[in-house]
Each structure stands twice: as C-alpha cells, then as structure tokens.
Amino acid sequence: MGGYGDVQMIDDNGIRVDGRTAGDIRPVEIRAGVIPVADGSAEVIWGTNHVIAAVYGPMEAHPRKIQKQDRAVLDVRYNMAPFSTTDRMRPGFNRRSREISKVTAEALETVVLTELYPRSKIRVEIEVLTAEAGTRCAGITAASVALADAGIPMTDMVISVASGKINGIVVCDLNKEEDNYGEADLPMGICANSGDLVFLQMDGDLSPEEFQQAWDYNMESIGPVHELMIEALEKANGGES
Amino acid sequence: MAAPPVPELLRAHLTELAKNDERLDGRGRFEGREVQIETGVLPRAEGSARVVMGDTIVLAGVKFQIMTPYPDRPTSGGFMTSAEVRPVSGVHWEAGPPSPAAIELGRVVDRGIRESGCLDMSDLCILPGEKAWQVILDVFALSDDGNLFDAFATAAMAALRTAIIPGERFDVGEDRPLPVSKKPMMCSYHRVGGRFVYDAVRREEIGGAERIHITLGDDDHVHSLQKGLKGAFTADEFAEIMDHARQRCAELRNMIE
Amino acid sequence: MGGYGDVQMIDDNGIRVDGRTAGDIRPVEIRAGVIPVADGSAEVIWGTNHVIAAVYGPMEAHPRKIQKQDRAVLDVRYNMAPFSTTDRMRPGFNRRSREISKVTAEALETVVLTELYPRSKIRVEIEVLTAEAGTRCAGITAASVALADAGIPMTDMVISVASGKINGIVVCDLNKEEDNYGEADLPMGICANSGDLVFLQMDGDLSPEEFQQAWDYNMESIGPVHELMIEALEKANGGES
Amino acid sequence: MAAPPVPELLRAHLTELAKNDERLDGRGRFEGREVQIETGVLPRAEGSARVVMGDTIVLAGVKFQIMTPYPDRPTSGGFMTSAEVRPVSGVHWEAGPPSPAAIELGRVVDRGIRESGCLDMSDLCILPGEKAWQVILDVFALSDDGNLFDAFATAAMAALRTAIIPGERFDVGEDRPLPVSKKPMMCSYHRVGGRFVYDAVRREEIGGAERIHITLGDDDHVHSLQKGLKGAFTADEFAEIMDHARQRCAELRNMIE
Amino acid sequence: MGGYGDVQMIDDNGIRVDGRTAGDIRPVEIRAGVIPVADGSAEVIWGTNHVIAAVYGPMEAHPRKIQKQDRAVLDVRYNMAPFSTTDRMRPGFNRRSREISKVTAEALETVVLTELYPRSKIRVEIEVLTAEAGTRCAGITAASVALADAGIPMTDMVISVASGKINGIVVCDLNKEEDNYGEADLPMGICANSGDLVFLQMDGDLSPEEFQQAWDYNMESIGPVHELMIEALEKANGGES
Amino acid sequence: MAAPPVPELLRAHLTELAKNDERLDGRGRFEGREVQIETGVLPRAEGSARVVMGDTIVLAGVKFQIMTPYPDRPTSGGFMTSAEVRPVSGVHWEAGPPSPAAIELGRVVDRGIRESGCLDMSDLCILPGEKAWQVILDVFALSDDGNLFDAFATAAMAALRTAIIPGERFDVGEDRPLPVSKKPMMCSYHRVGGRFVYDAVRREEIGGAERIHITLGDDDHVHSLQKGLKGAFTADEFAEIMDHARQRCAELRNMIE
C-alpha cells in the first residue's frame, strides 16, 4: 500500500505532503462580520480555500408563490467566483452549484428555527473566492457562522468536514494535491452539540472498514472548528471586527 | 388519481401508522415493492430497460456518440447521465428546465455508477487523442409513485449491462457489448412517521422528512451516499439502514444480468 | 414512374417494401390506462412508433394569467425522448416540438368541452419513446384516447393519419424508410363521427389529383383505428388493464 | 389606435355582418386588400422587399453566409427562415423569445418555399464537402393589421427572386443572382362570423376562429398547408377555399418579378 | 496630422470623404406616423442609417411588479434588425442593445411627463433597419418624434448627435467609413429648448481641447434637426401622411 | 443593517442637507471616502486587487486564456470585462442573469480601460493567426455601499498593473508582466439634493437622481463618459465636475503601482 502508480502522497511514517498526519485537518481561520452591508456574514479560510457567506433577512418572501405559510424559506446560493480556480470558471448556470446549494439549504433548514418567521425569506449567499478542495464543507461552516452573526435563532451550529482515501489510506480533509489522486470523498455536516448529521454525501470507493474510519475522523474534527466559530462570533459581537 | 393529500393530515396519519409499525400499503418497514425488470425495450437505444416498482415505472436508454477525448486524458472516453423528469410522470413534475430535484436525481444516479469504476473509460478509446466513445445514459420517468432514485439506478444498470457499442453504425469497428465490470445498486430510505422506511411510495415522500440514498458495489463497498431534504439523523439510525442496504443491494444485484 | 434515382420503393405489383399496398396503414396497437399515476393515459404503437400520452386534470390553472374565464386551457406538450431516434435527441427547446404542441392543442381544443371547466387547466403530455415517421399523428391519436380515459367530455374523437408520395406514387402512412425518399406528407386529424377536420398540415409537392388521392386515403383509414381506440377504452374501463 | 376590441362584442358584430355577407372594411368574402410590393429596400441585405397590404407592412431581407455542408449532403447549401415578430409591429406582440405564434409563422413560410423545391440546394455548393452558401431569409413585421402569413410569404418570394449571391465580398467568385426556379405563393383564410374569408384584418383575426394557410406553386401544385387555432372545417369548406387559392395565387404570382 | 497609416480621410482643404466639412452632419430625413397600428411612430433616415420608432400606450403596466405608483414606466427597446448590417446580426440577447435601451430610456424619462400616468407603461420600440454609424443617436431622435406623434406630453424634445475624431481631427457625425478609422466618439442627447443634456456617452481618446470642440459641434448641430422634427410632426398631423 | 430607506423621506432629507452643503456622512461635496488598495489577494488569479472605500468592498481578478485571433486582426489578442454583481453584495442585488445595471457597470468599466489604449493588443499575440492571449477581467462586489463604478475601475487598474502572463502554465514561453502603458482612472458623480456630489454612498444613490462617470487618462485625456439614470444637467454643471475629476483622477493614479 501507499503507492498509486508512482505518486506517493503519504510517506512511510504516515506523514502527508503538507506535513499532516492522517487525522489532521488543514489550518482554519474564521472571521464574522466581514461584509458591512449584510445582516450577518463570515469568512472561512480553510487551507487555501477562501469562502465568504452573507445573510440577508428575514425579509418578506416574494414572489408570493415561494412563501411558506408556516415558516421562512432559506434561499441558499453556493457559487464559485470566476477567479477561484486555475482555469477561469464561466459565470452562470451550473448543475454542480445547483445541487450543492440544495443540499446546503436542506442542512441549514434543519437547525434554523424557520417557523419563527412565517411567509418570510432568509437569503444565504456563499461565495467561493479561492477553491482548493472541500469548498462545500467550508461553505456550510461559513453559512452557520453568518446565520449566527445575523442573529437568526438556531437549535445548533453545523460544522462540515470531509474525509477521504488516498494511496489506499483513509485520511481526513484532503487538500487539492491529494484530491487529484483521491479515491473517495465523504463530506458530512454535523451538529456541534447533538452530534446529529444534517448533511451527508459520498463518492468513490470505501470498504466497510474504511468507511467507518472516514466517518470517525469527521466526527473527531468538528470540536476544534466549533471553538473557532464561537471565538469569531464573540470577537465580532465584542465590537472588535 | 386520488385528490392531492393535505400534507399535515397525511403526516399525522403516517405518524399514527408508524406507532404500530405499519405503512400505508401494508408493507413492513424494510420491505420493498416487487421489482420487474425488462431489457431491450427501446429499439432506437443501444441498451435499454424498463423497471416497474408498484405504480412507479421508469425507462433507461443508453446511446453512444463519438467524442474527442479531453487533452489531459487522451485515451479516455466519457460517461454522462441525463435525468429530465418530464411532466408525463406525475402532476407534481412541471415543464421547464430541470428542477433542482431532477438535477439531484441525475447526479446521484450518475455518481453511483461513475464512482464504482464499473465503466472502464480507457476501454472506450477508439483512436488515442482523437476519437473515443461517449456513453450517454438517459433515465426517463413514466409514472412516479415514489422512489424514482432506486428505480432509475436499477434501470440504469440493467440498460448498461445489456448495451452494445455500435461500432458498425459509426464505421469504427465491430459492434461489441459495453464492458461493465461491477453492479453498483442503490437503496433509498425516507424518514416517515419518525423512523426510516425503505422504498417509500409518493405519499410517504410527501408526508415524510429527509431521505438517504446508498449505493453499494460488490463486497459491500460504498460508492455513493446522499442525504436529501430537511432533517437530522443519528449515527445509530444510519448504521441500521446501512445494514439493510447491504442485504437488499445484494438481492437487487441478483436480479440484473 | 416508380423510380427515384436507383431506389425503387414500390414494386411493379404496387407492393411496398414492408408488403403493404398503397392504401394500407401500418399495424396499430392501442392501450389505455398505462400510466398508473395519471388521470388518463394511452399507449399507441403504430408500426415502430411508440407513443405515450398522459392527461392530468382538470385542475386549477396557475399562474393566474394563463386562466381563461370561460373555459379550460389545454396545456399540450409533444416531446421526443432522447433515446427515440437513431442519433440521440438533445433535451430542451426545439421549434419543431413547439409547433407540433401548438397545432395538437388546437386540434384537441376543438373537441374537448373546455367550457365545462372555466379557469382550469388540462395537461396533455405526449412522449415519443420510439420514432419512426408519423409521430405527430400517433401523438394526436394517443392524446384522444388518454383524454377519454381521463373521463374528459368530448364531442368527438380525433384520429390522425398521414398520406404521402414516393416514387411519384401516392401512398398512405409512410414508414421511416419510405419517408427518407418521400416527396410529400399530408397529415390530417379527422373527427371519427362528423368527418370534420381539426388538424391539417402538408408539405412537399402534390398535383391537384395526387392531393385528392392522399386526402381520400386518409379519410378511409380512420375507421379501423377508431375501432381500436374504442376497444382499448373498453378494455381499460372493464378493469382488465 | 382604437381601444382593444372586446372579443365577445366583436365576435357578435362579425357574425351579424356575416349574415349579410359583409365584412368590417366593406370587402367581399374572397376580396384581398391592395398589395404593394417594392424590392431593393434594404441596402445591407443581398435581396429585400417591402410588402404593404392595407395597414399591414412587412419587410423581408435575404442574407448569405458560408457554411460547411452537412456530411451526408456534401454538395448542398442551406436555407433558413427566421421570423421573430418584434413588438414594434403591434401592441399584441411582446418582447422576449419567439412566441409559439411567431415560431409557427416562420416555419409555415419556410415550408412553403423549401418544399416547393424553388431553391436548388446543389447550386449553392462552392466546394464540395467544404463550403456552401447558406441562404438566410429574415421576415420582419413593421405593422401587423392582420394576415402576416401572406405578407411574409409574398415579401419572401420578392426578396429571394431579386437576391444576389455576394461571391465577391466573400472572395469566392463573382456576384450572381440567386436562382429561384418557381414562385410558390400563399393564401390564408380565417373563419370569421361562421364562414371563411380571405386576407383577414387583425380585428377579424381576433374575433374569428381557425385559419388555413395554403401555398401553391406553378401548375397549382400544393406545397404546404397549415391549419391553425381551435376549430373544425368540412371537406366542402376546404374545397371552396382551395378553389379560390388557385386563382388568387396565380394573380399574386404575376405581381412578383 | 491628417494621416493614419496610409488612409487619409480628410483632404488638405478639410473636406471629408463624402464632401462634408468638419462640422457638417449627414443629410437627414424625418417622417412621423409611419406605422399605422402604433399610437405614434417615426422614421429617421440619417445618412444611410434607417431607423423606425413606434410608441404604444400609455397602457396598464403588467406584470404588476413593474408598476410605479407615481408615474409611468418607459419600456424602451433598441434593436438592430438581422439585415441591418453587412454581416447578419443574430437575433436575441445582446449586452450592447441592453445598455443602449437603458440609457435611451433614462434620457427620454427626463422629458416625458411620466407622472401624469401612474401605474402605466409606455412602450417605445426602436428598430434599426439599416445601420451605418450613429444608430443610437438616430434612435433617440426617432423616439422623440414618435412620442410626440403619440401625443405623450413632454417638457422638451431630445435631439441626439455624435462628434468624433479621425486622423487626429475632430469632426461631427462620423459615417461608417470614417468610424472604422475613428479615434473617439462623443454621442450626446440635448434638449431642443433648454440646451440641457439628458444623454451622454463617450469613448476613445480626446484631449481637453479636442473634447471641447466635439462638444461644441454637437451643440451646434441640433437646431436644424429640431426643425426637421417639427416639420415631420406638422405634416403627419396635417393629415398628409 | 438599517431598514431600507423610504425614498421620498430620504430624498427630502438629502435636499435639506444639501441646503447647508452637507452630506449624510459629514463629507464635503467633492470629498471622497478613504481608499484602501491591496494587490495579490487572490491566489488563483494572475493579477488581483481588493479595494475598500468605506463600506464598499470589491475584488478584481485577472485571468488569461489562449484564443484564436479574429481573422481580420491576426496579430491581436483580446480583452473582456465581466461584472456580474452577485447577491452577496447587497440586499438590492438579486440572483439571475446580469441585470441592465450590472451590464452597464461592466461595459463602462471595460470601455474606460479599452479605449484608453493602455493594453497593447498586438503585444498579446503568441503566434500570428493562431494563438493569442485573451485577458479576462472579472470585477466582483463583496459589499455595495455605493459607487461600485469607481471601486471596480480602481481595483481593475490595480489588478491589471500587477498581472503576470502565465506563459509557463500554458507552455508558450516564460511568465512575464502584462504590459499596461497608462493609468485611466474613473470618477463618478451623483446628483443628490439637487447638486452633484462625488463618491456617493448607497443611500445617496437611492435618494439621488442621475449620475455621471468620467474616465481620464494621463494628461487629462478623456477616455470614457457615461450618464446614467433619469435626469438632465447643464453644460456648466458638467464643466464643474470635469474640473474636479481631473484633480481627483490624478490623486487616484498615484495610489496605483
């Protein structure tokens, strides 16, 4: 094991190309209140990933046909900026973005107390400024902070992280270089307090044992990220932002 | 067709049924509807299947085109899945560009097949750097009474495993079967009346909450997962449906050639 | 006559490539009630053509701007499935489909008692699963059966059939092979009882005499198809489907 | 402009007129408006015409592009008709992508020309398999007071028969007239007040029912038919308007160069 | 000066290729009431430019969300017909047309008494049938006449004209041939009576002195065009059209 | 965020302030907000800048692609500006295809750069007739508190003047700086409370009338003008803001590398 063609991404001591061990996530920075005109916002720098989330609302939902009588609608957009990737991303319709927007909205709807705001809309805008690997996870995490920064009541905070497999070894939080040779990707969105899952995707190839290892790495990673989220919110609300 | 159910009343009814571990149509929690699979049903497709699961009926058709390989993979062909769920298949499916729900359907079915590695892309090369086969899988709903995901995934595998690469029509060699090395199968679960059930009908979908789609390959390897809709689930709940999926995917795998 | 370049489609005894004489239509099968979730449905297999029609409604028409105060709107869509043709049909906008949907709706509106359902909408979905030649005719015929299967009151049933010309000879109901060499196409939609026309198109080249012959072939063909429609409906309503 | 007519009142008025075999503007049932045809009106087009029929005014412009012939017809050029009826031509035409009515207009005008065989596609070949002329016919409504179909078809023939293939501008030989071997002409009939009339004005269209478009070529050969809108007609009714169309198309044919 | 590569567009006597001097505009013809079915219309032939404007309304604005409670909306569309240019223009979305429509609407809104017609819409359709250079100016001028022809109350008439630079010399109203070698373009929309500006664009390169010269040429050109506009309206309303 | 202002009350308030020659945030009529410019902020772009002007924050990123030169200019590269103002940047910007306002923004920023001639298109040629660089400038709003035009134009110049042509990545020679020979700068003025002010904040835009955008290059040459929104202005008013623009553009020019 440990070889995929002639590219070895993990050395014999289990150290990855950027010096991490199998269960380590990349360095993470989180700031809240970064978009002055938004009702709430956050910036997540996760490795080289750079993601902004802004929240507007609750506001009246229109056109009226999108209104729900008993709750607020979460209108979530995930988008990659044209300069976020090595080859420029053309703006416009994109099936991948539509799907990520949908599953992100469904994850956040689970924790936002939408029933407090019938007939209204809460806009959540996620913009990827620089993409490495794991932008959907960084986006969900940033959106959680932005919703809290906007003062939207939530039952829990969602943290999202992905484990994967490379050179036949399960590792946590693949970076771009690893992802190019990756054999599986298991992103999960986990509630900080309850430990429940609100977001789950996976593709690739994982044996039952590998699957369990990847699952466990994700579960173990959320604690430190949750602390950074809370610090960012405290700092923003302490008026230092 | 029955009048469209009022979600709140339906939800209450489903919760009541769940208390006695019952379902709308009398099935057990993890009992699937009967599955009928027929292949070779579309004369203009190079591979095809019809799958009937209760009142859910779907088609899958495989077509081939010749493509120029991408510069960074000169010896690879391509694979594409298209699911445009047209309004023929139910009053709740509307005309227009693909809805987010249809996009998700197509992408989840696609990933289960693609990520299993069952299609060897290098086998689709005709002339390196110049010509390769593109496999196009069109899944098409005729009647949606719930669980289009599993119906599509089953029809897709049945169609792919009987598909013939039309070398003669394109004047690039002889016709030959499309090699499909594995049989990834999908099982879908919906939270209905509080607990997860397998193979939900449409009214269970309407009155239910989140759903989880699991695609497993040979030897129980996991190839694709997707959680959809609002809702949270525990690790224990997931372990329970994963157990059932391993057993059921094996059964479905045996129904495919 | 009888030659077009070196392709002879009709032999000296007037027998066509598939064994039919000039006035014969292809074998036709009709079934009603084939889409369990629809309010009415039908399947027409006409030669190799395979067409499904489903009817939903009457239901409230929305958005409101499409409502008619004095009658129901017939919302008809004719579509060719991507696997219906030798070269895959790309899904999406298509001028030909739009035009066929329009003329089909106008034909059916003539016989449906739309004034019984003001402000409502009746959806008619026509899907071509396998296309040979004459799909628009098969679609109109299937839609008539599906409307009847849905219990929508109509003044008459519409049967549609097309005659054409090949090798300078007028023949009824061209198949694909003949159509490739066809010199004209005259599809008509005829009311079973009144004999009135509700649908008419034509293109190609027909002398006045040839035109009359094609017209007559169409008129003569509808009777047997009408019987199959009635049988299909009786079988479906007899609970045998 | 008059206030938009209330269809029901208008319909009743038209029925009343029909009882005395009269029409809104005093014409007879099968009497057309005066037709003015002027060619060479668009300096940037290689062929053009303006047609005025009462308050209906249309333009047709012919442009040429160089295309690669389709693989299965290497020595054939192409022909395309585009009718986007823009909102300049009437309060009832709205902005946006072509409406179903505009699509039908363009396709019926196109078929009448294409199916008559008046354009010899092989004459448009420049270099077999590599280059051929594509003829693009743009019909453009300036003022729609009814019967755009006939106005477009007449303008189209007048523009095509005076079009010059711009060989010099594209550096592929000398300029030469586009050969157009026949003169297919269109006549349109609307059911108004219960019976068919020829060359309806807009208010007759609004208050009328179905319409029938007939394109006849030399020797009365039929090249295109189209029935539009809700309504049924008898074989006898059709025979009557076909008789008139034969006579009127011949008259129109003589008005074109 | 006077040379740009080897193309000399102005001779040593200051005479341009079509015989004009630096400050001359091209020959202009204006007619009102040219579209019988419109509420107001005009035709402007400006050199080889041929532009039609039609006005419909005031009418109820719908959908309702475009309504303004205190005034009419001006719904302006500038479009180039497919046969208006040497290479055929493809119909459909076009950023240039959208921008010209927007600035034209904003110019005309300034002079139309829109507050007389709350919640209504006035449609202004500008169609370029033949394009030379300066179609946006011809379009604004034609729209002014069409609005007047429709009897829409206005505080002033807008005339639009553009000056530019060629071979380093500032000249008024470039034609197509000059425009191909043009170094700047300064289109302005000027109110006939007040002299105020309601439309202004510019691109290219003009020194401060050149800019002033171009500005002055435009200001001096509007008088004669204004007279032609008035004559056209008088002729149309005198019943001679 | 404050509640959305009622335009009429806001307009009255702004008029009142104008009487005393005051502004909402205490600035003078022609006083700009502090401008912060940071370059190299986007690691995936070949040139980038972030500009902060009060609560307005924008990004500009420069990317390169290889294009086939247009047949009539075989030795020229290309330049394209894209401004899709996404809904992240303010409650008033909605999702969907670019609005007319966003289209105008992109086109005005583009013209100021393009028409100044600061990019030498022939320098972008790689192989005449076959390959040339296309420069793509994406301007991106993060927070719109007014005057996106100037923020975009400033960020664009800062990004372009630090951009590196990525020859090595595309295997067409060495990396080298994109040559940008001039520094066209934009100043924008809004009519607020009856008179023009420089660098309006969002609430001044909402309660104001027309706006004028002026792009000046080296030696005060005029490269681009644009008047936007309903409103009329006099020659004298224009002369006054042109005077200020000359001075302010020179100041901004000095802030850029």
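Letters are used for the chains, namely A, B, C, D, E and F, taken in the order the chains are written, and counting of residues starts over at 1 for each.
We adopt the following convention: contacts are C-beta pairs under 8 Å (C-beta built on N, C-alpha and C of every residue); 3 or more make two chains touch, one makes a residue touch a chain.
Owing to the predicted nature of the structure, the values given are computational and were not obtained by experimental measurement.
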item	value
Neighbouring chains shared between chain A and chain F, ordered by label	none
Neighbouring chains common to chain C and chain D, by label	none
Required steps from chain A to chain D (each step between touching chains, minimum)	3
Centroid comparison with chain F (C-alpha atoms), farthest chain	C
Per Cα centroids, the chain farthest from chain E	B
C-D, A-B or D-E - pair sharing over half of the A-F contact pairs	D-E
Centre distance in Å when chain C and chain E are each reduced to the mean of their C-alpha atoms	52
CA centroid of chain B to CA centroid of chain C, Å	32
Intercentroid distance (Cα basis), chain F paired with chain E, Å	27
Chain ring listed from chain A, with chain B in second place	A, B, C, D, E, F
Interfacial residue positions of chain A with respect to chain F in the complex	35-39, 48, 52, 54, 56, 59, 77, 79, 81-86, 88, 91-92, 123, 125, 127, 129-131
Partner chain F, residues of chain E touching it in the complex	95-96, 98-99, 101-103, 106, 109-111, 184, 186, 191, 194-208, 211, 215, 219
Chain B residues touching chain A - in the complex, by the definition given at the top	98, 100-101, 103-104, 106-107, 111, 114-117, 210, 212, 217, 219-235, 238
Chain C-touching residues of chain B, taken from the complex the two chains share	1, 42-45, 48, 55, 57, 59, 61-63, 65, 82, 84, 86-91, 95, 97, 136, 138, 140, 142-145, 169, 202
